[in-house]
Amino acid sequence: MATVEFRGVTKNFGQVKATDGVDLAIKDGELLVLLGPSGSGKSTLMRLCAGLEQPTSGTIAIDGVVVNDVSPRERGIAMVFQSYALYPHKTVFDNIAFPLTVEHMAKEDIRKKVEWAAGLFGIGRLLDRMPSQLSGGERQRVAIARALVRRPRVLLMDEPLSNLDAKERHYARGELKKFQRGIGVTTIYVTHDQVEAMGLGDRIAVLCEGRLRQVGTPEEIYDRPADIFVAGFIGIPPMNFIEREGRIAGFRPEVFRPLELVQGDELMRLRYRIERVENLGGYRVAYGVVDGTPILAKLPHRYPVTEGEEHDFAVSIRDIHFFHKDTGLRIEG
Amino acid sequence: MKTKRLLDRDEVLGPLCLLPVVIYMALFIGFPFVMSFVYSISNVTIGNPHYRIVGLQNFIAIVEDPVFRKSLVNTCIFTFVSISIVIVLGHILAELLRREFRGKWVVRFLVMLPWTAPIALGAIGFLWFLDSVFSPIDWLLRTWGLLGSPDSLFGAQSNLYWLGRPELAMTSVILVHVWRILPLAAVILLAGMNAIPREIIEAAQVDGAGYFRRLFHIILPLLFPVIGVTILFATFFTFTDMTVVWILTKGGPPPNSTQVLASLAFLKGIAGGDLAQAAAVALFFFPVLAGIAAIVLRLVKKAVVT
Amino acid sequence: MKRFLARSGFYGGLTFFVLFAAAPFYIMLITMFKRNHDLLNPANNPFFFTEPPTLDHVKLLFLQSLYPEFLLNTLLVGIAVVAITLVLAVPAAFSLARIAGGWGQNLAIGIFLTYLIPPTLLFIPLSRIISLFGLEDSLWSLILVYPTFTVPFCTWLLMSFFKSIPKDIEEQALIDGCSRVGAFFRVLFPLALPGIVTVIVFAFTLVANEYIYALAFIQDSAKKTIGIGMTTELVRGDVFYWGPLMGGALIASIPEALLYTFFLDRIVAGLAAGTTR
């Protein structure tokens, strides 16, 4: 098991800065999620860690040893690609065995290890098949089994669930978490899906345009977003922003409620004109405006509202996040 | 952990893999290519390895030579006429081969034969087909009464002498070029047609466009790049070829009725030993090839960007 | 009625093209088994046998002519050239497809453009180089020179085959413990094998098709390859050995044409991919 440390890591592709001075330390045995929109540099960061790219400046250390000049195969890492990258010309057994064959391990040991990894993921009966004969979920398990069979120090996963359908994904997420805990391997997990990030991560690192915006537990990220970007990126539906006294006030749609239902001493009262209501099954989302600014609200169960009319809504001051108008950074207090 | 081995470094492995090819091509393409320019302004012959530069003398000599001018004109005629026929026929053939039918594999094999079999061997077949006495074509014409009796369409003589009369010899050479290039053109055009999304043609059909409207307003404009590529390839193969002429006529019948640049260069250089003039003759390919190269370059660059 | 017309037009067109393309080969087939007495009578139907067929021409071809040598020479040159082509083109294509960046793109185009320098331009200086090396009348002259046209084309083809294999799979091999070279041999090469076989077939057919260099470099009858051997050795002045000539042409054409047709789609697809990626 190992720690991973990025120190001032910058990677330029021509004029484009894919990552820009990233400092990030991943603890031993931790599952860290790199979260960000596409083009935020999260995949680049992972590929730098794998050694598939070279940083333009900065260092990457695994277990305290700088690995900038170490080739991927000697870093003791494993990686699961978004496409799973199974070798199409090899059987499932040979796929899982591949990292061991490359090390010239004895045949008998290979067989034992492959069976151990296959057993772990319940794919023992698939060992003779070719990758083209597997379902999406089965391929994903094979890819992870192959990654873990060599007992890597660090496991890298690049959107491993994005090729699964919604149901498979839900199930696979739980399984992944279980295995990662069980084996205790240090894991870096890249995704653009905040639900996945919140559900899986011990900690989440939010990236935007190559810069690290915030690192923290899912609770910290959600409750105390470091800037407007993080605040707006996390949460469904997204946070509302409104200008108040030279600052940006942000509040989540779920705490923006009808006046009579809001508790607390200090309230921010707002006249909310609801233009449209969307019923999403479990809850309803209202689209409306406050002083000309579009604002969303998550409506309480069965609470009666009329489209096209103004309502008295409010937010408790405790639930409001304030951000600096120019820098976008969080204002504490 | 060791530092990266040499072969794991892209900046080492990349050039290393390319080195053999670059060296080989510099030695066997680049160097001779440059030498052909040098030869063309020298007085080198096969027997005389010590040569000196004589300026544009060779070019002046060949441009004044009526045989050269005849060859240049012939080359252009062969290329232009063959390509025109090939494009039209190739389009029809491609259209036919698009459909599914029984025994398509055999039909395709037979239709592709002129391109897939070595041209020298195919041309041997034509040597018999166009023979002055035994030509099967003449036999057919005689059987149908079109040749061999006083009131026949093609005359009273028993044979047409395909390769013995200047105009017929030119026709024959063009015929064999068309025969050879047609399958290649059809295959390229077919690939181009299959690349046109079905939806576009179906949309036009739904909009009520008839066959010819679809052909001229939708299919042909979309095919233009592919037709361009076909013309490039076909031009290249016809313009620089000497095999067909060499086997069929060796440039004859006299005086040089079917002589082309390639065969003239061969006659002067290898048979005649005058490498300098031969190089000068061959260099007349250069403007056309440079033109083709420039167009290919633009096509490829465009394709790379998109 | 309209459908009937369309159908008959379709089959009529097809028949025309098949006859046009295959007629010389049909005549070869008939002629190779025809008795000379039958063959050399202009009144006899050239499209079929007037007298019973014979194997004389085939016997002459294989037992009393240099035809077997021609075939063997072509085969030897073909194998050697294919080997050289692979040794040169495979690493180059790998490098251009996977390692090289912007300059690689330009180099790739440059290599492709060299294909446009035709043998008819190069044979003049090359014939001198060959004679300087003292390689006239040696198969080595062809083995050395033929890669000038196989390598550019094959490099380009292989490049597009390599590019069609997802990069992920190769990177996975790097992470699974392979070196760059190891990943190539263990993963990329097996996956590109169909492409490599295509290239082998293609290079071989190019070699068998070549005429000009062979004509310029080889005068010794026993060293000739099939194309020039047939047209120089079985035609003595005005005497054409028609039967063996036709038979030899047909026998040498068919296997090559079969192979080529079989791989044609892949070659065209490779070329198309090469220009669109």
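Should a chain be cited, it is by its letter among A, B and C, assigned in written order, with residues numbered from 1 in that chain.
The criterion applied here is as follows: a residue touches a chain if its C-beta (ideal position, glycine included) is under 8 Å from a C-beta of that chain, and two chains touch if they have at least 3 such contacts.
Treat the numbers as computed from the prediction; the structure is a model and nothing was measured.
Counted by C-beta pairs in contact, the busier of A-C and B-C is B-C. Of all chains shown, the one whose average CA position lies nearest the global CA mean is C. Look at where the CA atoms of subunit A average out and do the same for subunit B: the two points lie 59 Å apart.
Chain centres here are Cα means. That of subunit A falls 55 Å from that of subunit C. Note on chain placement: the centre of subunit B and the centre of subunit C lie 16 Å apart, centres being C-alpha means. Contact with two or more other chains is made by residues 5, 8 of subunit B. The residues of subunit A that reach two or more other chains are 71, listed in rising order. Along subunit C, residues 179 each make contact with two or more other chains.
On subunit C, the positions that touch subunit B within their shared complex are 10, 13-14, 17-18, 20-25, 27-28, 31, 39-40, 42, 45-47, 87-89, 91-92, 94-96, 99-100, 104-105, 107, 109, 111-114, 116-129, 131, 144-145, 147-148, 151-152, 155, 179-181, 205, 208-209, 211-212, 215-216, 226-228, 230-231, 240, 242, 245-246, 248-250, 252-254, 256-258, 260-261, 264, 268-269, 272, 275-277. Across the complex, subunit A is touched by residues 166, 168-169, 171-179, 182, 186-187, 190-191 of subunit C.
In the complex of the two chains, the subunit B residues touching subunit C come out as 5, 7-8, 10, 13-18, 20-21, 24-25, 28-29, 31-33, 35-36, 39, 44, 46, 89, 92-93, 96, 99, 101, 107-129, 133-134, 136, 138-139, 158-159, 179, 182-183, 187-188, 191, 195, 236, 240-243, 246-247, 261-262, 265-266, 269-270, 275, 278-279, 282-283, 285-286, 289, 292-293, 296-297, 299-301, 303-304, 306. Across the complex, subunit A meets subunit C through its residues 50-52, 71-73, 77-79, 81-83, 85-89, 98-99, 102-103, 146, 150.
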